Every structure is written in C-alpha cells, then in structure tokens.
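Chain nomenclature is as follows: A, B, C, D, E and F, assigned in order of appearance, with residue numbering initiated at 1 for each chain independently.
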Amino acid sequence: MRTNRLKELWRQNQTATNAWLTIPSSWTAEVLAHAGFDALTIDAQHGLASDLSAILPMLQAIGTTDTVPLVRVPWNDPATHMRMIDGGAQGIICPMINSREEAEQFVGACRYPPVGYRSYGPLRAELHLGSDYFQHANEEVLTLAMIESADGYKNIEDIAQTPSLDGFYVGPWDLSLALGIKKMGDFEDPQLLNALDKVLNVAARRSLMAGVHCGSPEIAAAMKEKGFHFVTSAIDTNLLKKAAADVVQRYQDLVKK
Amino acid sequence: MRTNRLKELWRQNQTATNAWLTIPSSWTAEVLAHAGFDALTIDAQHGLASDLSAILPMLQAIGTTDTVPLVRVPWNDPATHMRMIDGGAQGIICPMINSREEAEQFVGACRYPPVGYRSYGPLRAELHLGSDYFQHANEEVLTLAMIESADGYKNIEDIAQTPSLDGFYVGPWDLSLALGIKKMGDFEDPQLLNALDKVLNVAARRSLMAGVHCGSPEIAAAMKEKGFHFVTSAIDTNLLKKAAADVVQRYQDLVKK
Amino acid sequence: MRTNRLKELWRQNQTATNAWLTIPSSWTAEVLAHAGFDALTIDAQHGLASDLSAILPMLQAIGTTDTVPLVRVPWNDPATHMRMIDGGAQGIICPMINSREEAEQFVGACRYPPVGYRSYGPLRAELHLGSDYFQHANEEVLTLAMIESADGYKNIEDIAQTPSLDGFYVGPWDLSLALGIKKMGDFEDPQLLNALDKVLNVAARRSLMAGVHCGSPEIAAAMKEKGFHFVTSAIDTNLLKKAAADVVQRYQDLVKK
Amino acid sequence: MRTNRLKELWRQNQTATNAWLTIPSSWTAEVLAHAGFDALTIDAQHGLASDLSAILPMLQAIGTTDTVPLVRVPWNDPATHMRMIDGGAQGIICPMINSREEAEQFVGACRYPPVGYRSYGPLRAELHLGSDYFQHANEEVLTLAMIESADGYKNIEDIAQTPSLDGFYVGPWDLSLALGIKKMGDFEDPQLLNALDKVLNVAARRSLMAGVHCGSPEIAAAMKEKGFHFVTSAIDTNLLKKAAADVVQRYQDLVKK
Amino acid sequence: MRTNRLKELWRQNQTATNAWLTIPSSWTAEVLAHAGFDALTIDAQHGLASDLSAILPMLQAIGTTDTVPLVRVPWNDPATHMRMIDGGAQGIICPMINSREEAEQFVGACRYPPVGYRSYGPLRAELHLGSDYFQHANEEVLTLAMIESADGYKNIEDIAQTPSLDGFYVGPWDLSLALGIKKMGDFEDPQLLNALDKVLNVAARRSLMAGVHCGSPEIAAAMKEKGFHFVTSAIDTNLLKKAAADVVQRYQDLVKK
Amino acid sequence: MRTNRLKELWRQNQTATNAWLTIPSSWTAEVLAHAGFDALTIDAQHGLASDLSAILPMLQAIGTTDTVPLVRVPWNDPATHMRMIDGGAQGIICPMINSREEAEQFVGACRYPPVGYRSYGPLRAELHLGSDYFQHANEEVLTLAMIESADGYKNIEDIAQTPSLDGFYVGPWDLSLALGIKKMGDFEDPQLLNALDKVLNVAARRSLMAGVHCGSPEIAAAMKEKGFHFVTSAIDTNLLKKAAADVVQRYQDLVKK
C-alpha cells in the first residue's frame, strides 16, 4: 500500500508542513494539494465540510497528488473516525482529548482488533491506498490527539501512554482559552510557550510526534525550530481572505495617489 | 427594488472594482463579498460553477452583503442569460460577442418586451431585489458584451450601436490570442494597449461603460487611470494559489537559514 | 411500459390538473406528488432546478407515486429535451416556440427516427417506465409547444401542423407582454381571452391538446370550462409564500385584538 | 456584531414568532425569511436538512434578511451544537433534555471558556455576524432546552438552574406522548395545558424565556396570550402540503358544480 | 400504511434476500431496486452515503419500487436511528451491539413511548408509508442488532431478551476479527460456523429473525439452508468492481489469442 | 504536461479500451478508473451526470489514476466542449455530427486560435495536466466526431477532411436507427458491418482514429480485429444491472434445488 509519508518523515526526524482546509470544495482542495505542503488536513470541526458527502470529493481531489490527506474530526466519535479513514484519510486529528480513557477510545477506533475495535470495511482506503491496506492499516493510519483543554493539558503524561497513539497536536487558540491566557494564540506568551515546551517534552520522552497549529509560515518555522515535527502553516479561508484584502488595499492605495 | 450600484457608480463617473469567482463554493463567495470589492462576477464559462444548482447558493451568499453579483455566462445562450438574472444576478457579462446581431440576441434576452424578448418569471430576483422588479429590470440589469475575438474587435463600432447594451468588457487574454499577440494578457504590449484605446474610444463616443479583465490591482489601477470604469483586479483561485505558494516559500526560506 | 396518463385523460376528453415545481428539492416534489394533481411540471426555465443533477432526484421522488412528471425545459435545445425524457420525464413543455420550424426541431428531438432525430439511450426511462420503452416512446412522450410570443401566436396555424406535436401550452404572462396587454396574466382581459379562444380553436381543429398556465384553482376551473384540457392550478413557491403570509397575518390579527 | 434580535425582543418582554424549516432547500429558506417571521428554525432532527452541507446554504439564504436563524439540532451532541453556531446560527434548540447534567452539557458546548467548553473557530459566525463575535458570543447565542420527555418535565426545576441557559422550548407532541396523553399536541387537553403552565411558571421564576411549538397561528396567538415569548406558528412542509390540498379541493369543488 | 414486507416474509417463515448499497447515488439505488432483491440496505457505516442529504434521494429512488429499504447506521446513535426511519427507512441495522444495555438504547430509539423514546416527527415516513404510520410504526420498523464484536457474541443471550428487538444481523468479517479467526469472513471456518450456529440457536429460542452478511449468492443460499431468514447476497461496489474486471479480462483474453 | 496516452497508443498503432460512465458518482468513477481500461468516457448525453457540478468530481476521481478521462458531451455546443476540457477532460466525443460544418464548429471549440476559437482559461487543465498546458493543448486534446446519423454517414468523406479532427466514433445503435436497420446495435447485421467498413476505410485514408461503441468485450475484441483503434467494451450501469441480475438468478437457482 501507499505508505504514510508523514510517518516516514517523522521516522527520519524531519518536520512536515501542513495546511488546513475549511472551504468545502474539492477544487480548492486540489489547488492546495499542488502548492507544496506535505499534508492537508480537512477540518471537519470548525471548517465547513463536516460530513463524508462533502469530504469524499476533497479526499479524491487530494488523491490526484502525493500530498497526505488528514481529517480533523468534529469530535471523539468512533463512527466518524472510522468513516474518514475508510474514505481514504491517512490520519485523524481528534479534538478535545481530555484523558487517557478518551485517547484510548479515539485510537481504538482507528485500529483493527486485537489492537483496537475498528470495524472492517475499508472501501475506498483499499482501492486508493492499496489492496494490502488491511495488513498495514494499524501501522499506517496516523492518530494525533489534540491537547487543547485544561484537562487534556493536565493529563498529558497519562494520555501519552495510550498504546498505539502516534502523537499530539496542540491547538494553541483553545489551549490559551483553557489556560486563561488573555490573548489567544499568542506565540510570544510565556505561559503558552511553557505549555508547548511541556508537550514537546512529554512527546520526546514517549517517542511521540508533536504537532502544532500555527497559522503562518513564520510561526511554523519557529515551531519547527523549537522541536515540533508537524506544523500547520496556513488556513485556506484565511489565505483567501487576506489575499483579497491585500488586493483591495493595493488598488485603493494606487488609485488614491 | 435594490438599485444596481454598478450603474450608479457609472453614472457618477466612478470606477468599480470587481473580483472573479471561479471556485464553486458559496462559502468563498461570501468571504469575497466581505472583502471590499464593488462587484463579484461568478465565472460560469471558465470557472467551475456553471449551472444554477451551483450558482444559486453563491448568489445567496453574496446577497448577504451589498456587493453586486454578476455572472459571466458560458456562451451567448438566451436561456442561460434569463436563468441567471431570474436567479438574482444583477448583470451579465457575455463572452465572445462577434457581431451586432449576436449582441442583440444577448441584450434582448435580458430585456422584457417590447425592448427585448426576456421571458417572464423573475422568481428570486423579485424576492431578493424587490417586488417592483419587473418595472425596473430593463433599466437595472447590466449587460456587458465581451470584446475578445478578432470579429468582435473588428465589429466593435457596430456592436456599440446595439440598443440597450450597457457596455463592453475586454478579455485581454483571448483578445491577445485573437490578434496574434505573442504574449497573452501583456498590458505593456503596444498592440494590446492600442486595442484597449479603441474600445475606450468607441465606448466614450456611445456613452457605454468600458470594463476590462486585469488580474492584479496594479493593472486594475492602471486601467482605471486609462479610463475604464469597471476593472477586475482579482481571481479567487489565483489569490488562493499564490497565497499558498507564498506560505510554502516563506516557510522554506525561514527553515533553510 | 407505464402509459402516459395525461394522454389517456386527453383521449377520454378529460381535463388534467397540473402543479408547477420551481423549488429545487426532491422533498417538496414528493410532497406535491401526493397532493392529488394529475401531473407535476418541473420548471427548468424560471424555476430553480434547471439541470439534470437537480431534476433527477425530483423525477425519482415523483416516481414514487402515479403522478405524471413533465419538464418545462429552459429553451428549445435538442440535447436538453432528450436528457429530460431519458431521465424519465413523460413529457416536455417547450417555451417560446415561434414558428413551425422551431416546433419541428422541438418535436423531432422527442421522437426516434424515422419520425424524429432523438438519440438512443433511454437509461432511466427504460428502467422506470418499462423495458419496452423504445417501442412506445414516440407515442407516449407528450410534447407541448408554448404559445407565448408574438411570432408564436401569429404562426399558430402553421405550428399546429407540425407532425407528431401533441399540443399547445399557453403562457399568459409572456403572451400578455408580447401582445402589449398592460396587465400581465389578467384572465378577464378581452384581448387575452380572445387569444385563448384562438388557441383553443386551432387546437380543436387539429385535434391537439390545449393547456394553459393559470396559477389558481379558480382560473384553472374557468379555463377547463372554456375547453382547455391541461390546466396548471398551482405554483409551489407561490403556495408556500402565500401560506406563510397568511400565517403571519392571522397571527398578527389575533394578537392585535 | 449583529445582536440577537430574539434576545432583544425577550428583554423588551415581547413575543417572537418563529417558523420551522424542514425542507432541505436554501430557496424555501429564503422565501420564508421574507415572510415576516422574527425567526426561522432549521429542524435538523425531524427535518430533512441535518448536516452542515445542507444547512450552510440555508443559513446564508436567511442571512440575506434580518430574520434570526436558529437550528434545532438532532441530539445533545456538543460537536453539532458548535458546528451550527460556528456556521452562523444565532441559537440552538436542543431536543430531549432530561436532566440538569444534560442541560449543562448542551449549554457548555455553546459557551467559550471559562463559562463553557466551546472550541474556538467561529469561521462564518465571525464573517457574517461581526469581527467582534468572540467577545459577545457567550451573551448572544440563544440556548433553549426542549422539555418534551417525562424525565425532562420531572426535572424542570433542576434544569432551570443550569447556568447560562436562556430558556425552554416545549415540544407538545413528544411531551403528550411522554405524559401518556392520548391525543398528541392537543392544546385543549387539560393535562397538557397544566404542563405548559408549569413550564411558564418555572421559566418566570428563573427569568428564562419560554417557547412552545404550536403549528398554527391560532394556537401561537393563544400561547402568546398564555405567556410564552417564543411561539412557532408554522412548519414549512405542512404549509405547502395544506396549500396544495386546498388547491386540489377548490378546483374539484368548482369543477363539480 | 405500507406493511413491512420483510416482517411478513419472516412471519411466513420465508427467507429474504438483501443487497448492500455503498455507492452514494440515487441512480444505482434505483437500478438495484429493480433487480429482484427483497430488500436493499444503505450502508451508512462503511458505505459512502452516510448522512441524510445523500440517503434521502436513495430512499426516494428505492421508493419507486416495492423493495424494502433499510439503513445500516454508522453507530448506535439515537438521533441517527430516528432520522433514518423518519426519512422512510423501514428498518435499521445497528452495528457493534455489545450488550443488552446498548441494544435497549438502539431499539428504544426506534419505538415511540411508552415502548421506547423515539421522538415524534415522521415527516417522510408518514407521507410515503401512510398517514396511519404513527399507529403502526412500533410494529413495522425492523430493528436488527449486529453481532460482530467479542462482547456482543458473548452477551448474545442477554441481548436477545431486549424487548421489541426484532433480530440479529451477523457481520462475519468483524466477528472473525473479534474471535481471532485468521481468515476473515471464511464461511468454511469451523469456528465461524459454530458462532453462526449459536446465533441461529439463540434467535430460534427467542423467536428472533437471524440475518447474515454473505457477499455472494452461493454463500447466501447456504446460509438460508442453514436457517437464516435474511441473507445479504451482494454488495454494489463489489458487483461493479468484479464485473469491470471480468470485462477487462475477457477482452484481453480474446485479443491475445 | 501529461501527454494524452490515447494519442500515444494510436501513434503506436495500438487499440485502446474504454468504459462508459453513466452513473453520476465520483466513487464509481474511481472504482472503474482502477479496473484496467485505458480510458473512461463520462457520458453527459445519455448518462446521468451532464453538468460540470457532477462531472468535476468524477474527473478528479479518475485523475487519481493514469486512466484517460474523456467526455461525451450532450450536443455540439462550443461552451460545453470548452468547459469540459478546461475541467481536465483529455478529449471530447461529440454526438450527431452531420456535416463538415458541424465538425468544424466542434473541433474549433477545442483548439486555441489561430487553429480554432477556444477561449482561454484552462483552470483545472493547467493545474492537473501541467503548467505548459496551453503550449500543447491543441495537439493533446482528442476530438472524436460521432458518426451516427444518416447525414453524418452520408457526409463522412467531407467530415474526414475537417482540419485538426482526430477521428470518428461510431454509435451503432443510433446509426442502425438512422439507416433503418431493424435490430439496433446488431454487430452481425451486414448493413451495419458494411457501414463500419466504410468508416474504417475513410479513417484509414485520412489517417484518423476510428472508434466504436460496443458494449461487450467480445464485440470490442472483434472490432479491434476489424481495425478499430478505440473500442468501448463496457457501460457502468449495464455492468451493475447485469451483475445484480446474475446474483438474484444464481441465488434463486441454488435455493430452488
């Protein structure tokens, strides 16, 4: 089967860059799949494509390239985890993991017995990723637990011991909120940086991948420098919004002169 | 009814800025409707939303703001013109107008008798734009004929005399091709600039609006300076493509150092 | 195959009632298919479902009942006629027929050679209506030419002689416009009534079915009385719009007291 | 940001009227948004639009007017609550709340920390309702717990004490079933009226808004009189169904004579 | 109301054949509804139509024939069970039932009080299946609990005593995995056959229907022989995949010669 | 850019096999793209995906493999030809070409000036097939004119001289109808075989590719033998229909015994 390039990069101690897809369109997914990111994550929680009807064509569009497709699911719901990886997603980012029990429920849904309790039926995964999918799926499907709540942060050592969990993904906006940090997602806030260090630390000790939601290439590069192996440097809607604002501004500036 | 702000701007001798929508998504349409453009044109010819099923939700999304929605139809087909303005588009940009006869077929489809032959049934137009839509539609629906073929360019004086036509819209890429200009859409090419002058000239003499497809705010500002009253300064897919490429480049540059 | 109940009613000299579907939803189509109309016409011209992607599920929904589905196509375009009847529509109402030549183009697209030039491939028609569809399709597909333009009205005698044409469908709103009648769709206007008489007259002489767009059961009943055999007594959007206005009004009246 | 007009009306001790959307169509949503109701509730439980793919265009269509859009979610699922308000719904009606614990889970999902545990990412809410959405969302998002099960009714005093809950919404059909009342939704049944009184009573004591599903303007007006501040006077499918039945009946009556 | 033919067959001690729908298309659903199966099950777990937006048109397409539509839901989620039967599914197959408590949660969601806790609002069910739907729904909606996990298999006697449960549906692939059988879905494996016997045995003693996922007519016939009353003999994607492979193979064989 | 493998095979004097897609689903398109055909043709004429909204995700799904996607357009409409190749189709099969004039209109729409009059804007073609698309598109886009009407057959010599036309595609069902052959698509009928010979003959003399619609691998192999270079050996709906019928038959045969 097609191996999971994110896992390979991780094994080679390299950092992968990711973009976040919130636009429910197979066309923008295909455009971004050609842009040079290592992975694209379809955000089914806060993004506007949340069910398989909308996500399947996006997975197919990404599948025309070598970019690795992940899904950030809406919630820790086993049926959704299974549906997305059956549909060909090569990994799941699960929001709001608060405890090891929740982490086990998450990871279990992504692993076939006896490791977990994933139900059998990898319809598109088998077609697209390879007919030997079943043999390798437990190794190849990436599972990242989001650390973004007060409980999740507090219980991170415990969560880290979840068998077969691949790593963490920090949501700095929600984590800021949860820790009572005044400015959300401020990567210069000492309290947030301290929290990121703790995540990196735990991840390193347990040989887990550590990822983080950044929102700009500058922060992403800084986070890579800090030790993260999976950094999200762009969000599609924001790219479009900012690019459009720039055009309007540049036009107005030129015309005013 | 809601008056056509593009016509108002034109009457006030002001230039309107426009963005081009090729992504088939009501979400990106809504995002761009908030960006500050005067108008948005859904491109049903080369864009990926070409039928009303895809275009209706885009028109609704734009309708949550004051931005004026236009449709660039796929071809000079009366049924399509009517469907788009029935659906609430406030104007039509019709590609590849080659002759006055074609222009009359186009404009006639957008005007109720006795001016034209538009069929009655402005379902959404009436709901969204106002219950007195029928009384004002012939005045308010903008009709722009694209000048982009060798024949169209040759026959522009004749086309300009089409009764009830509102203006021209130049497609410099196709026009370059048609005129045998080597580099498409090169706004420094003397032959193209000459052609643009001719269009402006004819438009001025016949009191028609002149619009032009630009693709960047810099060119748009230059074209405004030149005398165009409707300038397209951005294309959604290109904005996204370029913004994504920038992120990847900036990240790689930062990481390399 | 399933015979066309509209043709049967017509042969039995009975009048059929029809409702007009402008809402692009298979659910409202199914609701109306249970309401007791003899036929439902999906309006692909002024309605909001105009392509097969939207119309197919509506045809399937109507197909759960015995109600006869027709499509009012957007324009006299052979490919569209064929696509809709391939999809299982049991008849086509074609707008803006201006001449016998146009009528022949329309009817020919609905008849297999040697009668017409319909292309072979009745995918869903054969599945849904019966495996002997091909043998009977030329007889069973209803073709109604809309008389609604000045030219169409003028040329009605000629149009009536189109071989294999089943009948007329009058669009009184467009016809009013075309004839310069001040108030559109006024069924008490003598000029309009006169025009309707002429249509009935020609139809009777040529043994053609005559249908008319009414918009209320009262007018529909009057038109039946007058001699029409196919009367459209309701338009879905208007039903909903009026019913909602009634609720708001009744509530406000009750609350004010 | 755009303030929640339902909350304003409530603060001014006025009653709001609401219609219920079960048709999965952005077009019928837009039609009803123009009808004069104060609010429209998209029914994602028993209605036919249940996921964001279908609901987003409906929210956009309602967003072309000042009508307030709510969503009645399918179940007390945090991810769904968040998705709908991220998508721009200005309130959530949550079915089958049986206990204070369930109410807290519901309301918590609609409030950012430290009040609740809503995850950050108000993509469309911020665009459509205003860039200061985050500052005001906890105040502005309306949360109504449905009282419709035996347990919910029994525990209403307890549920009423849920911090940050805005009010109740009674589902008289399910409540009738739950209380063993023979005829469902009979607003003359003393047992049901008694239950409604109790809800009003508890709501008044805790300064909560009380809403009720009515289904006709007559009952809605009576319920307003009784003290409810949010009354649902119409259901789209039923409006259409009844209007169509009326047309068929009126036509048949006229024709029979 | 339309009675549930699967229940009738079961009462007459006859075996029903079923096909599995994984293709998210109302067209292929209609094609298979004409093929001669007694029932069609839309697989919303491993199949590619998982939400009502995709499933509604499939239910409508099947509703053009007498074939009985079921839904295999993604998970034991009450809201989903209710949504699918409100949408007109005549039965639910619920995956991964591990205990009587889970079975009760499942069945309760499909029964109106006082038997269960199904919420009232059978919008399409009432329209399509009959206006007396509410009176008979508790009897007519088929509920099959999947036995496919180690726990479910262990607790089958207990599950069998769930009031109002109609039967079991064995998922031999998942059950093989759960029982540690090396080759999945091998109907000659003694351990699997033994497990099937146990299911049949328990079902017979409690007068429950026993169904099984087979995947070929040969196995289905063998399972009927064994005593199962509901056998799935085909999966749409597999039919298509195999038929296409056959064509390619036959062509290559012929051409090589 | 990605070269057109069909053209390569043709240059190497090899025959390509094709399957016909009538199911409007990106999933079945992806399944068939893995089956081993050289090309897949989306049938937008008689198939159920006819507009770009439905066809784009199918093109993307096929684009996950090396299979070449073509579109059989509904009609000789320039806007449609352009839209499909802009969307990434690598060739167009145009139905009902009756004359050289029609053939020129068809081919011209697929060629940029000065060869033809294709409008510039290859949005997805450029992204998917390569950034140098424009330089090579005139060479790489395959254009096949269908010979299936009496006029087309009569004028084939003339049609063959259309500059830049790549070849013919015979529709034997329509051609049988047109030639008055009693049994449609009978590949043993001498009159049909004679017509096929004529097509092959003309094609050979003008160095054009000759393709033919077959419907089974046996006929396809025979047609290859005869000299055709592009043979359609399967139609998706028929594959599914027949495979399902086989299952039902085999089951019934086994059970009867």
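For the reader, a short list of remarks on this structure follows.
The working rule: contacts are C-beta pairs under 8 Å (C-beta built on N, C-alpha and C of every residue); 3 or more make two chains touch, one makes a residue touch a chain.
Predicted model, so just to flag it, every value in this text is computed and none were measured.
Taking D-E and E-F together, the pair of chains sharing more C-beta contacts is E-F.
Taking each chain's centre as the average of its CA atoms, subunit A and subunit B sit 39 Å apart.
One simple way to say how far apart two chains are is to compare their mean CA positions; for subunit B and subunit F this gives 34 Å.
Counting partner chains per residue, subunit C shows two or more touched chains at residues 24, 27, 31, 48, 51, 53, 56, 77, 124, 237. With chains as nodes and touching pairs as edges, the resulting graph is of another kind, matching none of line, ring, star or complete. Chains that are in contact with each other form these pairs: A-B, A-D, A-E, A-F, B-C, B-D, B-F, C-D, C-E, C-F, D-E, E-F.
If you check the complex, the residues on subunit B that touch subunit C are 51-53, 56, 77-80, 82-83, 86-87, 112-114, 117, 119-124.
Subunit A makes touch with subunit F in their complex at residues 26-27, 30-31, 34, 56-57, 60-61, 63-64, 124, 127-128. Residues 15, 17, 19, 23-25, 27-28, 31-32, 34-37, 48, 216-218, 220-221, 224, 233-234, 236-237, 239-245, 247-248, 250-251, 254-255 of subunit E touch subunit F in their complex. Residues of subunit D that touch subunit E in their complex: 22, 24, 43, 45-51, 53-54, 74-75, 77, 95-96, 148-150, 171, 173-174, 177-178, 180, 184, 237.
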